[in-house]
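Take a look at the structures listed below.
Both complexes shown next keep chain A, but they swap its partner, so chain B is in the first and chain C is in the second.
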Partner chain A sequence: MPAFILQRLLALVPLLFIVSLLVFSLVLLIPGDPAYMLAGENATPEEIAEIRADMGLDDPVLLQYARWTAGVLRGDLGTSLFSDQPVLEVLLERLPVTLSLAFAAILVSLLVSIPAGVIAGTRPGSLADRLVTLGASTGLAIPNFWLGLMLILVFAIWNGWLPATGYVPLTEHPGAWLRHILLPAITLGLSAAAILTRQLRGAMIDVMNQDYIRTARAKGLAWRGVVLKHGLKNAAIPMVTILGLQANYLLGGTVIVEQIFGMPGLGQLAVASVFTRDLPMIQGVVIMAVFVAVFVNLLVDISYGYFNPKVRPR
Partner chain B sequence: MSAPLLEVEDLAVEFLTDHGWVRVVDGVSFSVGAGETLGLVGESGSGKTVTSLSVMQLIPRPPGRIAGGSIRFEGRELLGLSDQELEALRGEAIAMVFQESMTSLNPAFTIGDQIGEVVRRHRGVSRREARVRALEVLELVQIPDPEARIDAYPHEFSGGMRQRAAIAMALACDPKLLIADEPTTALDVTVQAQVLDLLRSLQQRLGMGILFVTHNLGVVADLCDRVTVMYAGRMVETANVFDLFESPQHPYTEGLLQAMPQLGERGKRLAAIPGTPPMPWQMPDGCRFHPRCPYAEAACAEQDVKLDDLGEGRSTRCRRHAELKLEGAE
Partner chain C sequence: MSEPNAAALDQLGASMSARQRFLRRFLRQRPALYALGFLVLLALGAAFAPWVAPHDPLAQNLDRVLEAPSFDHFFGTDELGRDVASRTLFAARISLLAAFQAVFIALLIGVPPGLVAGLFGGQTDNLIMRITDALMSFPPLILAVAIIAVLGPSLTNAMIAVGILLSPTFLRLMRGTAMAVAQETYVEAARSIGCSQSWIITRHILPNVVSPLFVQISVFAGVAMLAEAGLSFLGLGAQPPDSSWGAMVGRGFRYISHSPSLIVFPGLAIAVTVLAFYVLGDGLRDSLGREVRREQ
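Then we have the complex of A and B:
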């Protein structure tokens, strides 16, 4: 297993190289010149030229790339053009917010999809199955910004049960963390829950028709044991793939959800940085997102080995 | 003859299809004694697998249902038992081996886990004790180096080894009756012979009854004491294996025997039974075999043929059996 992980990590080197090229070329591709933004509306051309020189924007592109990459490799992602804080420091401050939101959303999606998918998939065509399928279609159709606003309206404004906005770190106060994270997590996790439910339902229908299910029943195992042991572990294989993809979508979804719920996470930072053309910060957010996505995929690959012994490395 | 372990009487099984409820098994009766092997023979679609699954009540419901008859195990009626009562019997007193060992073993669990599971279910023992038992039965079915193989997954086994493991799983709780549904059909001929040898020696050691479902008369000759031949959902002939091969009493049985390849007859065309079996929703009137039967008369198409008891455990469903001189096999 360690060799397997090492092999996966080595495979990341070319990927990260390509990503670094893309991220760096943002500087060249984004319309507008950060020097103009920094200098303000009434700046003279001389002032702008000075800022450009300071930022190294006049150097050849290759030199700029080499300088930037060298910095990234040393963990130096530059400083924010506006707050003068090191980018990495800001990112690490924001990362836990986004990660706990994404993690809670995945948890919500699993808590919904596993029971719903199993119930529907073991009794295809039943009333329960129809209700689950209807629910999943509805869940897919609801845009999460609308759902977020509705949840705020019902649970925060009308009833006052949960706070509408804000974030409390888990380490500071777990109870308050939960109260703040619940609505955003449901908002973000619902569409993933719908997709996973449909996936698990389909996989479960397929698996329950397999010969080994009949074998398990011929051994005298009760229906529940047959479904939960022999059925679910096999049905989980395609679900894990989808879960990995969904995890990446969820990270993208945090951008909107963090805006709605006023959470100081990476998504909110990304939006703010784009509006202020804070290039080093945008680059930092993208790199961080890539790292998280790559890490999630690694986890998915590793978990494959658990669910499906055929792909287990020897 | 020993007292019957399993008695199936007038079994009827129906499936819900586009043509409504269709009876795929009709009026099937047979018995298996302790230590006896009964072969259940027929073409694909003759209802033999459905019959064997019905004993364990493992036919998929829906679309299947047992529409009538009686299945008694050691004198106890199995039809109408609760799920819990059936589950207590399955894998314990009655065990089953299936045709495709690749698909009938769960790919996600080790061989040892899958064998141990049935022991823990019925014996209520710990994981460690179950593992000890799993090792014992793996040794019993002659898996080489069971200590090393017990933690392997099904895909790491060859076809023959997987089928041995499946047999080990079935034997783990010392069943009194083993139902084997074409357990050697998917195997190479040499491996097939090994598995049959294994089953025979296991039966001699453990004294269990075997209901052996197959389409292969060669395997029947090799292993079975008695044979029940099925055609189009009905049993057409029952006899002990020597009588059946020597003097079949039903034209279908004769056809099956003629269709068996024989050594030393190279170059000779194999006899085939003309036509195909009927679909369950368009069974012919009268004798169901008459459209394919070389001896059929007008009367065969008119009246339903009853099973004729010939004494000494023989019976046939042919109205002309007395006048016909049917040919057996050497």
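Then we have the complex of A and C:
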């Protein structure tokens, strides 16, 4: 097992190298003079010169890249052009918001997809199956920002059951955290639930046709036990992989959901930074997001090796 | 040009009958046909919007702002008294065009390197796939936001960003097909009688990838439309005076408690259209031959 983990970690090195190249080259993509664009339309020549000096934009590109990467490796992601705060400090302030939103969304997606997938997958072709399939397709097609607005309309504006915006840290007040995170988590989690449901339904249909299910039934085991113990347990293996892939999409989705629900997370920061032209901040958000995504996928890989010994290297 | 014409004709005949089989299976897919019908109607409605729309989408009437749906204004009016139904129809032009723009960019970026990776293999393939993996490790919307931050907020830039995000899937599809087809005996035969690489690509590899490519294009048109809507909702896509469905929802957000119809109808338009693209994609996939479907 440690060898397996080490192998996965080593595989990350070239990946992260290319990621760093891509993120760094964002500066190179800026049309025209980056210093001019970053300084804004009303900047004085002195301000432009200052930004140029700050970012070392006159140096050769390779040197810029080396300096930037060295900074990132030391945890120095630069300084915000907008607020002059260290980027990493701002990111770490906001990371818990985004992580708790993503985590709650994963929980929602599992709570929805496991029952729905099992019900549909054990009775393919039935009315329940068709309803679940239709619901999953609809869930995939509904824009999550629109779903979020509809939830706000129904649960916050018309009924006043839940707050429409804001965020309370879990450590401060768990009850208030739950009330604030519920609607955003449903908004973000339902599209993932749709994908997971489709996946689990397909896997359940496959598994339930296997010989060992017939054997389990034939020796008199109860239907429920067969479905949960023999069916779901085996059908869940591919679900872990899909869940890992979904982690990326969920992190991306926080951009929109945080904006709607006024949550001070990384996604909201990314959008705000576009309008303030705060490139170091955006690079920081991207690096942080990739870091989280890569870490989650590493955990998925490792857990996959744990659940399914066949994929472990010898 | 000394291309073997007999072989070409044979290949053409075989692909024609495969295409006919595909068409026959597709015509039996009722939901996909409905979806296609809806999309054609929508495209026609958008194309002929100036003649079809009940009102001028830009005509303001400050005496009748934020009205609920009525017989005169099916979807109500917005904060400037403009007809939401007409604006929704006109916004379809931008939403549809933007979706196809993104898919086109994704094809442009994804297909050639996929082909190269699949045909040449080795180090080239390795390098291309490493870059692809890195691109796929970014949370998609965050990467899109970063690209827009650099290029500046506009619909075209947003669609370039979405195109970049979608390109790895096309790349993988092309690579997989090119690799599989390159192993076939008939490609080896073509190569041994001296057919050029470009002949093999256009005559053997592209025909094999066209059907799965169409499935992916249909699904991705839906995905791109969702992404465009999300980015325009955030103010990073379509800029005024242009308006897409996502931008309409973004503007309506401010009046959500007073006039929910401002966000309900454009949002429904997005959901139904995206669903239609998905259902069409499913139908196309189910119409593919068994041998192709297995690779999907």
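Observations on the structure shown:
Assume the second predicted complex is superposed on the first by the 289 of 314 C-alpha atoms of A that agree within 3 Å, B and C clash if a C-alpha of one lies under 4 Å from a C-alpha of the other, contacts with A are read in each partner's own complex, and residues count from 1 in each chain.
Everything below uses one rule, namely that contacts are C-beta pairs under 8 Å (C-beta built on N, C-alpha and C of every residue); 3 or more make two chains touch, one makes a residue touch a chain.
Quantities reported herein were computed from a predicted structural model and do not represent experimental measurements.
The superposition on chain A brings chain B alongside chain C with room for both. Contact with neither chain B nor chain C is seen for A:303 once the two complexes are overlaid on the shared chain.
Using the contact criterion defined above for the overlaid structures, shared-chain residue A:64 touches neither chain B nor chain C, since it reaches no partner. Contact with neither chain B nor chain C is seen for A:79 once the two complexes are overlaid on the shared chain.
Of the two partner chains placed by superposition, A:241 touches none, neither chain B nor chain C. The superposed model places chain B and chain C at 80 degrees from each other around the C-alpha centre of chain A, with the value given to the nearest 10.
By the touch criterion defined above, A:233 reaches chain B but does not reach chain C. Between chain B and chain C, the partner in contact with more residues of chain A is C.
In the superposed model, A:223 makes contact with chain B only, not with chain C. Judged by the touch definition given at the top, the superposed model places A:18 against chain C, while chain B stays out of reach. Shortest separation of chain B and chain C in the overlay equals 19 Å (C-alpha atoms, whole Å).
No residue of chain A is contacted both by chain B in one complex and by chain C in the other.
Partner chain A is touched in their complex by these residues of chain C: 130-131, 133-153, 222, 226, 229-230, 233-236, 246, 249, 253, 256-257, 260, 263-264, 267, 270-272, 274-275, 278-279. Interface residues of chain A facing chain C in the complex, by the touch rule stated above, are 14-15, 18-19, 22-23, 26-27, 29-31, 137-138, 140-146, 149-150, 152-153, 157, 248-253, 255-256, 259-260, 266-267, 270-271, 273-275, 277, 279, 282-283, 285-286, 289-290, 293-294, 297. Partner chain B is touched in their complex by these residues of chain A: 210-212, 214-223, 230, 233-234, 307-310.
Chain B contributes residues 56, 58, 83-84, 87-92, 95-96, 98, 100, 103-110, 117-118, 121-122, 153, 155, 166, 169 to its touches with chain A in the complex.
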